[in-house]
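Shared between the two complexes below is subunit A, which has subunit B as its partner in the first and subunit C in the second.
Right after this comes the complex of A and B.
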């Protein structure tokens, strides 16, 4: 499982404060904690700062990269801001994200064309949110097709079929999972990724739903997740689910996690 | 027998029972306005309050609206022109650049349940379309939704051109990144943190 640590996001109060006071140590600590807990990428998001977003996002990238050897997931709805932050990034970033929304697609496609950047392809378009499996597949086909035609390697693409809240439509859980499964079938070598917390929006005991949903998605092939790696129970669940899904040779990761005490308490 | 039973049936999310109770009240000759106000609308008010307090959740709000609507359908043909006149017209939509519609849909549904006429423009709506529609529909309120921080300026823009058009319409804003302070800053006439709060707000603005 490719873990994208979600904690360095300015919509979280502590991160917002650290950014405003340019508290490098605070950001670096969150980065190191996430890396130690198993994050492969550090998501960085300064989206709440409208005018200062590019400056702050670049600063976050530098902070993460001075504190850890992990690459960043450059997270912004604004393509220009993504480009600015990628410019200061060392190594291969993960672009979070391209979508079929015209403005984003037209600007980011030439930017990632022919590069080795990793790209999250979010199944959203200008025609509103996808509801069904077919809606998601139609968007995924156009996105993946566009990226492949522009010399982005299939193994660098992470399709996010878009998790939507179960509270407003009880088909949204399986719509995500079924779409994901088909995308994995249609494009051998491709990755999938998602944030899970949206599934539980509007419902109580959200962690419980998030964990079970993650497990269900892993059983059908999900191999990337934008999560809080410091959530030990979630990480333990992911490792167990991957072993059960047959994606952990000789249960090596499961046993390693056991010896590290991840399943205690 | 009383409209209390209609109210209770809505709070129990029981569509079959709501229909039966409404029919029973109609049969007993209960005033239609009383069925509407004390049974159906009052139940949705309490659903809204409980939702705001965190005691009810989104699926329960959706289900209660569906149940209430089933009851409403039965009395609709019997309403006089005066009784069926809406409490006001609200033009609602998610602003330009934003595709998110869940919050907007909840607000529209609750306003409709409270007796307002809703003109839902959907998502990714141009500022001019809000203003044009509000003028055509002689709307009382324009309700703007946004989930992305990047689309907050589109709210400001919409409010600016609404004011410039000099219509007798109030503007209200809501959505995850929006706050009372932001609403004040862009000179919106109101802000609410959730759907039931929006109903209260619109009642205040229109009433």
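Right after this comes the complex of A and C.
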């Protein structure tokens, strides 16, 4: 499982304050905590700052990379900001994200063409959010096709079929999972990734519902997740789900996590 | 979800003692507790008693049916014992179980032929336990075919594809789920059922692993489970998984369970 740590996001009050006061130690501690807890990538997002977003995002990249050896997931809806932050990034970044929205697609596609960048391909277009399995597949085909035709390797693409709230339509959980399964079938070697918290929007006991949905998706092939790696219960769920899905030889990771106390409480 | 309460089983010390002392109140209390917690069927098993098994099983059926209005799942590997217990059962029992083991199959098939009995069809044969998806499908086809040809309605059949321990082979979790999906595709209207605890045999944190496996199976169509309905965490997982799988209109059951405190702690 590829874990993208979600905590360095300026929409969180503590991160916003640390950015405003340029508190390096605070950001570096969150980065180190996430790395220790198992994050493979460190998401960095300064989207709330608008005009200062590029400067702050570059600063976040530098803070993460002085504190850990993990690459960043450069997270912005603005392609120009992504490009600026990638320029200061050491090693291979994860671009979060390209979509089929025309402005984003037309600018980011040439930027990632022929590179070894990892790319999250979000199933969203100018027609809005996809509702059905077919909506998701149509967008995914155009996104993945565009990336492959521009010499992005299939194994560097992470398709996010877009989780939508169950409270709006009770088919949205399965629509995500079924679309994901078909995308994995259609493009051997491709990855998938998502944040799951949207599934529980408008419902109570959200953490629990997120947790169960994540394990369901893993059982059908999800291999990337944008989550809080300090949530030990969620990390335990991921490790158990991978073992149950046959992706943990001799249950070695599961047994190691158990010895480390991840399943206590 | 069809819940088969598993607690009235003589392999449990308290039940064995209650049977030996013919303590009606003790059995009736367990039956009532399970019914209140949501059991649709009450499994009854007196298998450890050998010679006294038929008498004791009949007594358990009577105890359950004087205490609750729930039908029993008549649980024995011995067809003669099942027949004896069914004779004293009021209403429509669930036969637990027919299998492809020759002695069991040849005697139980004519017994259930043309009846409205519900029947668990366990994917086991004289060649032993199935290993692969194909093993399970071969057995399921013979079992379901035999039942349908003998006028058992498809909606009265619960196929159990047989959960085997992940600690023995890390493909056993997916082999169960994939076989289940194919059986549901092959026989529209059929049910599936299983006990899940075998999945975690030989591993630590078993309850947690069972819980996650159950929710995975529900997401791909499992609609019957032989479980302890007094395990509130497990019942919460079932209700959450059904909502996520699109089987809970407007999340009504989920919201009701939340209001009743099932997701606390």
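Convention: the second predicted complex is superposed on the first by the 265 of 265 C-alpha atoms of A that agree within 3 Å, B and C clash if a C-alpha of one lies under 4 Å from a C-alpha of the other, contacts with A are read in each partner's own complex, and residues count from 1 in each chain.
Note that in this section contacts are C-beta pairs under 8 Å (C-beta built on N, C-alpha and C of every residue); 3 or more make two chains touch, one makes a residue touch a chain.
Just so it is clear, the structure is predicted and the values come from calculations on it, not from any experiment.
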More subunit A residues in contact - subunit B or subunit C: C
Which of subunit B and subunit C A:167 touches, first, second, both or neither: both
First (subunit B), second (subunit C), both or neither touched by A:204: both
Partner chain(s) touched by A:251 [first = subunit B, second = subunit C, both, neither]: second
Contacts of A:124 with subunit B and subunit C, given as first, second, both or neither: first
Touching partner for A:215 - first (subunit B), second (subunit C), both, neither: second
Partner chain(s) touched by A:101 [first = subunit B, second = subunit C, both, neither]: first
Touched partner set for A:177, first subunit B, second subunit C, both or neither: second
Footprint overlap on subunit A, comparing subunit B with subunit C: 167, 170, 203-204
Footprint of subunit A on subunit B - complex, ascending: 57-59, 62, 97, 99-102, 105-106, 122-124, 148-150, 152-153, 177
Residue ranges of subunit A touching subunit B (in the complex, touch as defined): 47-48, 50, 77-78, 101, 103, 124-126, 128-129, 164-165, 167-168, 170, 201-204
Residue numbers on subunit C that touch subunit A, as the complex places them: 166-167, 170-171, 173-174, 177, 199, 203-205, 208-209, 212-213, 215-216, 219-220, 236-237, 240-241, 243-251, 254-255, 258, 263
